[in-house]
Every structure is written in C-alpha cells, then in structure tokens.
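Once you scroll down, you'll see the structures, which are given as structure tokens.
Next come two complexes, and both contain subunit A; in the first it sits with subunit B, in the second with subunit C.
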Partner chain A sequence: MATKPSLAVFKFASCDGCQLSLLDAEDELLAVAGAVDIAYFLEARTQQVGGPYDIGLVEGSITTPHDAERIQEIRKQCRFLVSIGACATAGGIQSLKNWADVNDFIHRVYAHPEYIKTLSTSTPIADHVKVDIELRGCPINKYQLVELITALVHGRKPRFPSYAVCVECKRRQVVCVAVAQGIACLGPVTQAGCGVICPAFNRDCYGCFGPKENSNPNSLVQHDAANGIPRDHLVRLLRNFNAGASEFRLASDHMERSVSQS
Partner chain B sequence: MPANRTFEVKALSRVEGEGALYVKLKGDRVEHVELNIYEPPRFFESFLRGRAIHEVPDITARICGICPVAYQMSSCHALEKALGIATSPEIRSLRRLLYCGEWIESHVLHMFLLHAPDFLGYESGISMAADHREVVEKALRMKKLGNELLEVLGGRAIHPINVTVGGFYRAPNVGSLKKLIPDLEWGLGTAEEMLRLVATFEFPDLEMDYDCVSLKHHAEYPLNEGRIISTSGLDIEPEEYEGHFEEHHMPQSTALHSVKLPEGTSYLVGPLARVNLCSDQLFPQAKQAAESCGIAWPSRNNFHSIVARGIEVIHAFEEAIDIIRNYNAEPARSRAPYTPHPGTGCHATEAPRGLIWHRYRIGNDGLIAEAKIVPPTSQNQGQIENDLRAYVPRILGYDDAVATKKCEHMIRNYDPCISCSTHFLDLRIERT
Partner chain C sequence: MPGVPAHIGAFHTIGVDQLQLLLNALQSRGYRTIAPRIMDGAIVYSEIAKIEQLPVGVIDRQDGGTYRLEKVPTSGYFDYVVGPQSLKGYLFPPRETLLKSVRKNGDWQFTVPPVEAPPLAVLGVRSCDLHALAIQDKVFLGGPYVDPGYQARRQNLFLVAVNCRRAAATCFCHSMNTGPAARQGFDLALTELSPDFLIEVGSPSGGELVAELQLAPATPRQVEEGRVISDLLVAELQGRAAKASNEVSAPAESPGASGTTPPIRERFLDTTNIHGLLLGNLEHPRWQETAERCLACSNCTMVCPTCFCAAVEDVSDLSGDNVRRERAWDSCFTAEHSTMNTGTVRKTTASRYRQWLTHKLATWHEQFGTSGCVGCGRCITWCPVGIDLTEEVVAIRDHDGAKARNEV
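Our next item is the complex of A and B:
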C-alpha cells in the first residue's frame, strides 16, 4: 500500500477490554502505530481524524436506539469492518436481557427509569450491518488482533483457528476436566483461540470464544444432563458471554424447556 | 475575551468508556456543571440475580476490562462472608499478588499512555513516543510485567479465569512465579526512575478541601481488606457502608452518583486518597520515594494523583517481589470448599481507581437473590464536578480550545473509568 491504511476503533455497550487488548500488545503497539494510521481511537488518543477509514474495529453490542443509528453511519465510513469480541459478535453478557423484561431490569438498577433509554435487546453488530470479519472472544486474544491488523495491512486473509478448544487441549496435553472431574465443559463446542486457559487451570471452559463452526452444543449438554449434571446449571453455562450466539441460544432454550417440563 | 462564551468538546478521550461534560458559564461565574454518562446501561446487578455463586466472579469481571480483578476480588470476599468461609493465609497473599498485577498494568497505562501526554503537551502516548520513545518503551515494559503477573496467576490479563469464591482453581506453580523476580526487580528500579520523572511535571495549583475515603488496614497498604476511613474521621466496617453513603440517580447519567451522608457531600477515592490516608503502610522504597519526591503528603491537589499512582506502582512491585520470595510451596488446597446456603455479605476492596463496594444476598435456592455494586468512578463523580466548579473560573483567560483541554486534563486526574456503565465523557462548556 502506498500510504498507510487508516484504522478507527469504535465502542458500543462493552467493558473496553477488547480495545484495551490493542494497548495490551505492549511489544507490538509502537510497531502497529507505525504500520497503520490510528485515525480514531478515543481510549488512546485525543486526535480524531474524520472518515472514511480503511479498517474499522467495532467493540460492543447494540443496546440503544441511538447506537442502532450510529452503527449504520460507521459502516458507511469503514471500507473493512471488523467486530471484535463477544459483545460485538454475539451481544455479550448484556444479551441476558433478551430473556428478561427490560423494564424490570431498569427498575432494579435505576431510581428514575424515565432517564434511561435502552432497547429491549442487546444484539451483535452483524444483526445491523454487514460485517467483514469477526474476531471472537471475551476478551479477544491480542495476538489474533495483531495477526488481523498485520494481514489487513498486507492484503491477505488473517489466519484464525476454526477448530474446537478440545483440539488445543489435546495438543497441550491438558487433562480433560470433563472426563477427570465429571464436570460440564464447553470445550468440545467452543472455538479455539484462548489458549485453553480454563482446562489448563483445572476448570471448565465456559465458552468465551463462542460456538465453533458446525458445533452441536445441544447434543453436548443433553449428554451432560444424561450424566447427572443439573439442567439449570447447563442452561446457565450456555447463557453467559456468548448467550446470544445462535447455537448456544438454541441449546439453552431447548434445555430450559426441558427443565420446566421435568 | 467576551463575557459570554460557549465551548464544546464532542467526546472526551483517553478515558475508559464514554460520557460527556457540560459546563455553563455566566460571565466569570460557573452556573452549571454536569457529567453526562452516555455509556449504555448494561444491568449487571439485574442479571446477577438467579446466577450460581461460582459464576459471580466470572461475570463481574466483565463490568470492566481495565480492572476486572477489582470486581472479582470484591465479589469473592463478599460471597465468602455470606457463606461464612475463611480463606487460608496463602490464598490471601496470592490474591494480593494478583491485585498488585492489576495495579501495575492499570496505573502504568494511565500514567504514561493517558495522563502524561497532558503534562508534556501531546495528544496521546503514541505521539509522545516520537519524542520520548524511551519513556514510553519502559512504561510498556512495566505494564507488561503487571499483565504477566495476571497471566501467571489468573490465566489471562483481561478477565482472569482462575479466580473463584474460596480461592483459585489452581495454585500457581512456584517456579513460574519465581522466574518473574528479575523482571520485577527491573520494574521496581524503573518505577522509581519514572516517579522521579513525573514528580518534575508542572502541576496546576488547585487545592481542594477533599474528604478522602479509603480502606485502612493496620498492617498493610489497603488492597483487599480493611476498615473504611475518611479525612473527616469516618471509621467503619464495610458492612456499615450503606448507612454512611448513598447513591443518587441523576437525569444526565446512566451512572449513579454517590454522596457521603449525612450532608450528601462529595468525596474523593483513589490513589491520592490512599496515599494521603495510608502512606505509613507503604513498603520501604515506596515510602522513601513518597518522602523524597518533593510533594508534601497529604496533598490537596489531585493533579498530584499521577505521582500517587507512581508511588503505588513502586509499592506494587515491592510487594509482588516480597510475596513471590515467600512463596515456596504450592498450598495443599487452592480453594476453600463451600456448600451454597442463604446469607448476605458485603465487602470493599481498593480498585486502582479507588474504593469499590459489593453486597450480595444468596437466596434459599443457593443462587444470587440480590446484588449491589458501587464502583469507584460513580463515587468520584460529584467530586469531579466540584473540582471543575473551582477550576473553570481560573482558566477563563484562555481561549476555548485551551480551556477545554485543561478541563479534560483535570478530569483525567481521576482516571475515570466509565465503561462499567456505572460509568462516565464529551465535554461541552457553554458561556453566556
């Protein structure tokens, strides 16, 4: 590329952790800042260069009427739009309100509900505009973010694993927590990318990176239930940071119906 | 300079999360100041209801990507009180070590990438690096060490996965912690060098009569435990918090404003409050640095907060090294077991940005029945507004662009963290 591509970072409902991942790439940050023109990144710099931008990174989910309009404008400004993290790709933990009465939620937190403007749902970016690439995780893996930016700068496709957490677990020779401890683990249906930290730390995978392609979480949790794991536990396990991802959502809804019938 | 002016900034930068500030001037008089937090609400307290106890630290971490440990620690301690379980001394010191890692990464990020550019006249740490590359590189390496502590102990830097009610899922390997010592020693030396640098910055003269509030512990610098004390003589257990502090919901904000009772006054939490109230508990090198940096403590100028952060970074490196030196065997049990039962527990810890308070009630079904979370920035909001009321009249002589920058600089003294949607910034100043 003759001139440096421009990069913009936008935030919607989120914890800031995914955009922080760029600042957490301590060894690469100054090199990235040299390779791309960081034109808009409020958390890191005051200078704001107007669009259009070559690369737009979008963190967070859509939860307010204003944000639903703002993402349309951002899409027009970005040649290449990347949603980063579970909020942007699946609606995030705040998508739990999709299962609740949002007015009840507001009343429980705020003394003056009339001051609060919110939609009844929290939805991923791709529900609103065309997204070119999704970067999974809660939070994203900073090395994947650096790989993404590097690939885009060089005009190639970024390389991300599409297999399940289990594959990495076996490669790292981590003892299977589902087998050894008899606990429910979302490793078989969750996309790799985290570095299998949870099983390596002796606990269950809780699905930060969301469902892997062609996964069948419904079958997994039915198997867990048949092995005696309480159904309400399994519903909750599927309903956290990627609760809104369709495979997890369908499986948790199905499991929940079986709780109410039992 | 015209008597009636308006200045406006669309979005405050170099803060975490999104919000706006509105200042209305009539001549030289500040008529109205309000922080408008437009960060969308995320309703954590609502959806924690019905969740299992072990899920709480995983969920509350997601309130903030910059200080997840603060939320995890506060949740765990509060729930342990509700369950009546005690953790071992080994767990206690490993938790302090984890918190040291978070203080290092959060403080260094704020000092050198977000706040130092204000003092040195740059729009960002990235631009600052062009002229001060060595400083920025050293800062990034220090920050990385904080993150490495979080990774070894917590599994990852953002949203650690190894924290649970009762302790840790897996105790850290002795060797992997010991291996960090030489780097942490470099960090300690560099933190001292960096403190000398930030102490030479030019600090605007804004003395305020702060009512500082922080935890205080008889034997240690406050992190995980202590009583809540204040400059004005408060000295209470975290259980008594709600009798002395109250949250108000303002129309302009998705964050709740906290005030101190009985008069409903503003107060200050964070590094300056802690150094003012607890400097006698600092580790020796941090204490020495505080005494020799040229600032008289207690300080009533929150522009000194960057120095207070620097002192706490020294402390965190010293304490981390001390804990690791004394960690010679993995504890036989990495967590205290528990059986869910009904109960209520509340607890306060010290997040990098200040006091954070949590209360949980566990219901008859063993699940969370009620949760209340008071983060540091909502407690500081009233004080930020009061600082602005005092500061704006002093900078009226500057043109709008410069005055606005100065206001933003002042706000960054607080390292405001507003993505918790109990959070906060766009700055608009209207002069009529």
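Our next item is the complex of A and C:
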C-alpha cells in the first residue's frame, strides 16, 4: 500500500475487549496512528469516515439476522477483512447457545420476548463471508495486532504461529503444569501467540487462542480422563471461549457422550 | 597456595562443606554458577550461591506424561535424575538475535550483535547430558559452518558432573551407551558416597581447582565404593530387559485383571539394526496409530537435549526501518518447519512423528556419526499424553514389515 491505508473497526456480538486492545497498545499507539488512517472506530473517534476501507478489523460473532446482513456489506467495503478475537474467529463464549434452546433463554430472560430477534446460533465471521486473516485470542494479543498492522502496511504476511502454546512455554523454560502437576491444560492443542500468560503463572491454558494447526484435543482429553480428571470438567474446559471451534466442539461432544454413557 | 594441579583421572574426596568452597572458587574465577533447584514442582537449573540451596532428600518419579517430586528420608543431594531442562538452552538459547539492520536515508546498515558468553559453571550434569553436549558440539561446531555464539559459550563452560545413584523409570542411558557413569566431557565429576563425595578430575582446570581446595586424595576403598555405585545401577538397568520379558510371560499378574494400577514400565531400547528397522518400515501402520495419540505439540523436541532445529525470522517494527533477524527453537512437529513456497511438506502428524523418530534414531547416524538419542527419557516424561519412543520401536520391531518382505 503506497499511500497511508485506511483502517476501520467493526463490532458484532462481543465485549469490546479486542478492539480496545488497539487503544491498549500504548507504546505503539502513536506509531499505529501514524502508519494508518483510522477512518471508522466508534470507540476512538467522534466522527466516522465512510468506506471503502483498506483494512477492516471485525470483532464479535454473528448472533442476529441483522448482523448476518451487516457483515455482508462490511465485507464489500473492506479490502482486507481481519476477524479479531475468539468471538469473531470461533463464535466466542456465546456459542454455548449452539448447544441450548435459545427460545427457552429468551423466555426466561426477557419480559417481552416478542421484541427479541436472535439467531439460534453464534457463529464466526468466516461462516458468513471470506476472511483474509484471523487474529486469535480472548482478548487478542497486542503484539500480534501491531504485527498485523505492520505486515499489512508493508505488504507482507504477518508472522503468526500456528503451533502449540507448548513451544512458547518451553522457549520460556516454564515448567509444564500438565506433566509436573497433573492439571488438565489445553496448551498442547491451542495455538500460540498469547505469550503463555497462564502456564507462566502456574495455571492451565484454557484454550482462548483456539485450536492449533493439526490440533488433536480428543487424544489429550481422553488421556486426562484416563488419569482421573472428571469428564464433565474436560467438557467444560473445551467449551469455553472457543467452544465453537470445530476441533474443540467435536472433542467436547465426544467427551460428553462418554459422560452420559458412564 | 595452590599446589600442583591434580592430574586427569585422579580421585579425591570432597565434603559437603567443601562443596561450598568449590562454588566460591568457581565464582571467584568469574563463573556464574547454576545447579539443580526446585521450581514449580520440578528440578530445573537455576543460579546457586549457597550449597544448602540444593534439594536434599528429593527424588523424582517419572513416567510417560508424568513427573512428580517426592521427599525421601535420605540425605542424598543428587538422587533425582534429569528435569525438563538440559544444557541446551545455555549454549543454544531459545531465542537469539543474529543480525540487526537499520535503514537510514534509504541505506541499510547491518550489525551483528556481539556474542554474549559469560563464563558459566554447571553443577549436577548427568552422563546422558554430557553425551548430548558432545552431539550438539558436532551440530554447532562440526563442518564448515561454526556457530559463533555456541562456540563462545561452549569455551566458557565449566562442568561438574554427578554420577547417578538411581535411575528413573524413563531412563535408558545404558541402552544408548551414554551412562549411567560419566566417563568424559566433564571438568570434575562427583559420586555421592556417604557422607562425603568422591571427586574425579576430568580436565586441567578441574585439576587446578582440586589442588586449590587442597582436597584429600581418595583411598582405594573409596574409589571402589564409587565404582560399585555405578556398577549396581548398570546391573539394575541391564536387568530391565530380562525383567520385562518375564512379566510378559507371566500374564496371571497382569494389572487389568487384578484391578491394581499397572507397574511402571522400566525403559530400555533394543538398538539392534535400528537404522534398517525404521527405514525399512516407513509405511508401518504404527505411524498412523501413534498419530492418533500424538498432539504434534513439539514438547518432545523442545525438551530433547540434542534436538537443534530453529526457525529464523526477520522481525520489523511498524516503520519498517528497524529489522531484527531472530532465531528461535523450532520443531519438526510444527507445520511451519516444513513449509516452503509450495506449501507444507509434512502435513500430517504421522509424517512428522515418523520424521522425528527416524531422524533421531536412524538417519542421525549418517548425518553426525552417532545416534541422536542419549536415553535421557525426557521426551517420554514431558509428552503430555506419554508417547514412549521405546514402545514405538518395540511395536515396529514386533511387526517388522521389511523382515516379513525379505522372508517371503
């Protein structure tokens, strides 16, 4: 991109945490603002500039018929469409509704359920439109966000690992919580990029970056179950921010069937 | 004043209190001293100032995918074996900047960062890891392309080995001819007698330290006592194969039937014709079976003291004017490792596991004239699902397709 590329930030069903990661990139924020023209960002600007845009960052999942239409228009307006965060890349924690009866929820929560127009599922952006790049995490990692913008500004591919969290743990010489303490940890099946925040603080990875390339959660949780970790705990571990990611979903369904059979 | 340096191969004795003097002497010579310490439930290498910081009366229980420390009512200083770390990270750092480039007025300026290699003394190195170091030396120092960082750090390394008195269930150094007794590659080697240690001189600088500390020569009886400790362990390790075959022939005591937990498999590896065995069975169904368990998470390669693969990446800042060329530990279990302009070569976990095992145990011989495995057992222990390379070799040997083809 020869001229300063324009950047737009869009929100769907989400908590805003990922788009705020851009404002949290304190040390890099001025450089980012200098490298791109932030044209549309409701959290950061009072005036919004209309499309088209060079880079569109999309946060959140698709949960309403209106949003399912809105994302189509956003796709047309953006040259590079990037889904950011677990909601946008996997459906988020709200994808737990994919396992439940959404009408039952609506009738329990709202005094006037007839005003609510929602889909029965929470789905990632890529289920609706072509996504050029995914930025994983709940929330996303600010270094990955800056790397993404750097790569797009310079016209190269961003350096995002597709390997396991374990690679970063071992590079940092963090002692494995799974092997040394018997804690069920999703690190071996989860994509790196978070900076191993959880294992470095002596707790399990709960998979907020979603499945790694060639992820094999089924083998991991079967091994954990054989070592005495309760199966319902393992189902809940997989049904977290990336519950809707297919590898985690299939492994959790498989484990759930074995709970009901046992 | 220090006397005449003790000669290589000489045995002396050193008391626990004198171990502190050894640490002091190393530090006064400018060495940073590291030794086994307990951190987050495991034995790791860490800075040591006082000998009391060594874990006393602690052993490790290791098996596939599990590692636990246990207090025992003995006063042994080194009765645990190897933890997740080896010497690898000290010589071949997990991350290292190889080159820096800065663009000024359209011109690129390149600088190679100075090598950081402060003198380092490591206390408590086991024989398997000394052999791993010798293999790493071939990788980084052999051939026409010498790694300058590794070379500088290697030259400034002082090694105090410890001869193992016990083995974990995951240890199989005896199968790989890499232990349990340390024979070479150390400056000093300790054998824990009670209450003192036998100390063997392995290098001129080790001999100088022994003389400086005025350590008493060991008596023939003490030398014999040290030898017996290693011999007993060798006998125990060598007995594992026979013990395992007895267990197979006595199925009445099989664990599943009695409802008790299965006995821990005590590892050994039959290396007979292992090169031909593995390369003759590249289409063995076992690779796919193992891939169904394997997480391709790279832990085995990260903890392996000889695995040396690295990824080199150029990392730029937002302006594009400052670029660092970084090298970081990589693994043949990642997709990135075999990705080229045409895509990823080894797409499946089966192909990656096969690449790792055949390289480690077979084709390493062509490349470096040695096996890539030293029998430390780390890849077994730190595999989150406990995949055991010694079992994999047994499974392939039990249904040897190459042999079957030859017999037809």
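The definition used in the following text is that the second predicted complex is superposed on the first by the 260 of 262 C-alpha atoms of A that agree within 3 Å, B and C clash if a C-alpha of one lies under 4 Å from a C-alpha of the other, contacts with A are read in each partner's own complex, and residues count from 1 in each chain.
One rule holds in what follows: a residue touches a chain if its C-beta (ideal position, glycine included) is under 8 Å from a C-beta of that chain, and two chains touch if they have at least 3 such contacts.
Source: prediction; values computed, not measured.
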item: Partner chain(s) touched by A:Asp24 [first = subunit B, second = subunit C, both, neither]; value: first
item: Which superposed partner A:Ile38 touches (first subunit B, second subunit C, both, neither); value: first
item: Subunit B versus subunit C as contact partner of A:His154, first or second or both or neither; value: second
item: Partner chain in contact with A:Ser14 - subunit B first, subunit C second, else both or neither; value: first
item: Partner chain in contact with A:Cys194 - subunit B first, subunit C second, else both or neither; value: first
item: Touching partner for A:Asn202 - first (subunit B), second (subunit C), both, neither; value: both
item: Which of subunit B and subunit C A:Leu220 touches, first, second, both or neither; value: second
item: Which of subunit B and subunit C A:Ser120 touches, first, second, both or neither; value: neither
item: Shared contact residues on subunit A - subunit B and subunit C; value: 202
item: List of subunit A residues in touch with subunit B within their complex; value: 11-21, 23-24, 26-27, 29-30, 33, 38, 42-48, 63-64, 67, 92-94, 96-97, 100, 104-106, 108-112, 115-116, 118, 138-139, 194-195, 197-198, 200-203, 206, 208, 233, 236, 240-241
item: Residues on subunit A engaged by subunit C in the complex (per definition of touch); value: 28, 31-32, 35, 146, 149-150, 153-154, 159, 161-164, 166-167, 170-182, 185, 187-189, 202, 212-216, 219-220, 223, 227
item: Sites on subunit B touched by subunit A in the complex; value: 11-18, 39-47, 49, 51-52, 55, 58-59, 62-66, 68, 105, 109, 113-114, 117, 123-127, 129, 133, 136-137, 140-141, 143-144, 147, 155-159, 161-162, 164, 168-170, 248-254, 256, 408, 419-421
item: Residues on subunit C engaged by subunit A in the complex (per definition of touch); value: 39-42, 44, 65-68, 84-85, 89, 94-95, 292-299, 302-303, 313, 315-320, 328-331, 333-336, 347-349, 381-382, 384-386
